[in-house]
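First subunit A sits with subunit B, and in the next complex the same chain sits with subunit C.
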Partner chain A sequence: MKELFPVPHVIGFVSSLLLSLIALVVIKFDLSFGMGMTILGVTAIIQACLQLFLFMHVGENENKTALLTNIGYALFVGLVTIFGTLFAMMWGYQMI
Partner chain B sequence: MKIDHSLPLEYSTEENKLKILGFWVFLGAEIVLFSTLFAVYFTLQNNIGNGPGGSHIFELTPVMIETIVLLSSSFTIGLGIHAMRLGNKKAMMTFFGITLFLGLGFLGVEIMEFFTYVHEGATMQTSAFLSALFTLLGTHGAHVTFGLLWGGAILLQVKKRGLTPETANKSFIFSLYWHFLDVVWIFIFSFVYMKGMM
Partner chain C sequence: MKWDEFFVTGEPMIYAAMVSIVLVSIAIPAGLTYFKKWGYLWREWLTTVDHKKIGVMYIIAALLMLFRGGVDALLMRAQTAVPNNGLLDGQHYNEIFTTHGIIMILFMAMPFIIGLMNVVVPLQIGARDVAFPRLNAVSFWLFFFGAMLLNISFVIGGSPDAGWSAYFPLASLEFSPTVGNNYYSLALQIAGIGTLMTGINFLVTILKMRAPGMKLMKMPMFTWSILITSVIIIFAFPVLTVALALMMLDRQFGTQFFAMQNGGMDMLWANLFWVWGHPEVYIVILPAFGIYSEIIATFARKNLYGYKSMVYSMVVISLLSFLVWVHHFYTMGHGVMVNSVFSITTMAISVPTGVKIFNWLFTLRRGKISFTTPMLYALAFIPIFTIGGVTGVMLAMASADYQYHNTMFLVAHFHYVLIPGTVFGVIAGFHYWFPKVFGFKLNERLGKWAFWFIAISFNITFFPLFILGLNGMTRRMYTYSESTGYGPLNMLSMVGAVGLTIGFILLVYNIYWSTRYQPREVTGDPWDARSLEWSTPSPVPEYNFAKTPVVDKLDAFWFAKKEGKSLTEEGDYEPIHMPNNNGQPFIMGVAFFFFGFFMVFSWWLPAIIAGMFILGTMAYRTFEQDHGHYVTVEEIERTENALRGEKK
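So, the complex of A and B:
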């Protein structure tokens, strides 16, 4: 029974629950917008990495380089889409 | 077909390895798809017209239930893959079954949440904010719904055929999909709900 619950998985699960609880501080306390977004950004990225490297076994794939390049490229396109849109649709106007 | 016994079943043939790599390429496209929906949401989130804003309709309890249920399902499917690698078919099927059950629970809470919004007068047609919100949440929910059908079919195949290189490969790829949906949810939780209630 014990071998069915490997320690890294259990630690990963508990950490992701804890990180979700940490994210709650942004609504429980009166933080500045920048501070709140920083906390949310950090907790979300750590959780995403937990999933990616622990549960999705990115590291063990023998095509690891191709795989990480692919994810990196997708993230690049995604972030450019999000921040490019915000730049063109929101921030650009406010700067004038 | 050449089977390499030094590797886990799901990687054991050339075809299996390529299928896993191919699925990662698909997940790359999914990252971009959800990015466009996030971009739309961030752009339109303040355009609430005469409707309610995020801080009025978002409620912490259902969101926390959804988050905990989905995180747990991601954990159980991880355990399922671990059990599969141990060759323990029964444990693997149990963990996959629990995962799908939790996925169903998540969908149930999300549908209730949508009902509540509509009941409060927050429909998809009310404002640009709500159109973007329902599109983002709905696309994620549709992925979970599809995952339930897909996962159910894989579970039936494993039951019938046992753990073979094919069924192990399918199960592993399904686990990648499920973990990916959890990652998307983490970003929805943080940058839609938590940010909206901040």
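So, the complex of A and C:
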């Protein structure tokens, strides 16, 4: 029975719920902008690592090139989307 | 909500549609009962996990949707054929162009391509199925029920009417109070999740399930194009998922993401939409490029010119396609800097595309060309698509785009890319791989007639729109006065649309005619082609390959034919492990349909029940024990002997 019960996954699941709850603090309490952002940023990074290592098994990949290409591509698309959006919608908006 | 709000009322055309829907939905079950086909339908199709059958279902759905989107197109062309026409009113016209756009892109082009890749990719790489056959069935049923959900909108509740791009603030609850755009957010969401899973499935399939010896650089070009497409799907579709979820929250749960006040940002929708939308354009065009590469190499009897540069240009396109999205809203009001940057990236992306055009031309050069129907589509594609590409570069210049933006010029441009690109591509692929799936070719004479009708009428329909656009006719305009002078060219375009209709009818008639009269095909390789799928007998047995082929180079099948070698090793057959059919994906799809429908009308309790049911089907899957089945050696021998008509 012990082998059948996926302890790490349950812990992972519970902690990702917990992290979401902590993030909720930001709208429930009157925090400063910087404080709120810090909480969101930190919980988001922990959350992402949890997903990557526990549920997406990043550590268990033998094929390092495929893994790195994939992460590189994901970073490229993610960063381009975020900073491209900021560039187009805020920084570069009606800038001459 | 009152009943007369629930059903769309007051339009004779809609009543006629309702009657026909009721008739069809009585006729289908009645016919199935009469011919005793319920069991067959359930066992062979609804529960299937076979990639070939799933592919065929995708393609049938796509053809139906082509018909639906085509009728919409005809109605629009008929409405604008003469000035001050009263066939459709403004609201109805809005609903029709919106539905036309959504259906053509998401429920015609996408499933057609996914259908072809389902049929072909496992065969081309020497695999027996995709990596996750069960997931593949889930993908199909999510797409199918998403599409059905959108399709019922025009009789129940009203269709989305804010354009296929559903820009805010127009698409917000305030300006589009009907449930139409709820259908948009939910139907696209359901179908989109299916597509995302297809992307993951094919990425894994291509990376993990290639025949021994098939290195990445020895894969057929179509498989390469699907690999790249899958990558783009995986990275682009989540953006759509998020944007649609935000749209739903805004419209139904009172959030303000895309609102104009309270810190919301209406143009953020357009931004997110096109972050997905431009890569989406490449998702529907790259597979077509792959299809053309196969067809041109086969019928020019030459290997593909510049294989490596083809691959690299696709990789570059996959990266650049994420860098250009702002060109869809240059006129929004951002500064010169933003527009210049995105102008440059847009022009840059035309370079790898141009490389591919030259590769095809060089493949054709000095080839022994045979002018079959699929080849005709491929040949027509090159010049027509080039017109689309050149006008695309015109639109890419931000300052000039202020002139072209949202005029008929744009409409002409994107049809000039999408029709020769995607539509000709999938039709060519359909003709090309048809004998593989069904065991006989489509008739060439009828096929060529259809081709000429389609190719010529296409230009008659859409070339006038370039001129109309430059003369100032805007897009999505439901009528115009005679003094504008737009009448004659619009009439010409209508003539072309009728010609296109005749072409498509010929195409469908060809399927019917060939099924009845076309001679059966026995070799499995009717075109004398190059890649592995043609080494299997036609129609392909359930397990695809009795023995796994071993590959040592690109076009290994072609060289094996030339040298009289075999691609498989000596020895006896071994039992083959195959996945079992299962009804869970279909049932889950039905549950998603009801969930989506209840959500559209904000009927929370039924929606929650349907949602629980969906979770239930997933839980069932989690605890299910299914180890598949084995095809025995005797059965393989029997099948192979029957199909190949010879002893092994």
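The working rule: the second predicted complex is superposed on the first by the 85 of 96 C-alpha atoms of A that agree within 3 Å, B and C clash if a C-alpha of one lies under 4 Å from a C-alpha of the other, contacts with A are read in each partner's own complex, and residues count from 1 in each chain.
The rule we apply is simple: contacts are C-beta pairs under 8 Å (C-beta built on N, C-alpha and C of every residue); 3 or more make two chains touch, one makes a residue touch a chain.
Given the structure is predicted, the values throughout are model-derived calculations rather than measurements.
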Inset, instruction - Based on the superposed arrangement, let me know which partner A:Gln51 touches: subunit B (first), subunit C (second), both, or neither? - result: first
Inset, instruction - In the overlay, work out which of subunit B or subunit C sits against more residues of subunit A. - result: B
Inset, instruction - Go through the superposed model and pick first if A:Ala74 touches only subunit B, second if only subunit C, both, or neither. - result: both
Inset, instruction - Kindly classify A:Gly36 by the partners it touches after superposition: subunit B alone (first), subunit C alone (second), both, or neither? - result: first
Inset, instruction - Determine, under the contact definition given at the top, whether A:Phe13 touches first (subunit B), second (subunit C), both, or neither. - result: first
Inset, instruction - Using the superposition on chain A described above, determine whether A:Gly92 touches subunit B (first), subunit C (second), both, or neither. - result: second
Inset, instruction - Overlap the subunit B and subunit C contact sets on subunit A and report the shared residues. - result: 66, 73-74, 77, 81, 84-85, 89
Legend entry - For the subunit A and subunit C complex, residues of the former touching the latter: 66, 73-74, 76-77, 80-81, 84-85, 87-89, 92-96
Legend entry - In the complex with subunit B, residue positions of subunit A that touch it: 3-6, 9, 12-13, 16-17, 20, 23-24, 26-27, 31, 33, 36-37, 40-41, 43-44, 47-48, 51-52, 54-56, 61-63, 66-67, 70-71, 73-75, 77-79, 81-82, 84-86, 89-90
Inset, instruction - Would you mind writing out the residues of subunit B in touch with subunit A in their complex? - result: 11, 17, 20-21, 24-25, 27-29, 31-32, 34-36, 38-40, 42-43, 60, 64, 67-68, 71-72, 74-75, 77-79, 82-83, 86, 88, 91, 175-176, 179-180, 182-183, 186-187, 189-191, 194-195, 197-198
Inset, instruction - Please give the residue numbers of subunit C that touch subunit A in the complex, ascending. - result: 207, 231, 235, 239, 265, 267-268, 271-272, 275, 319, 322-323, 325-326, 333-338, 341-342
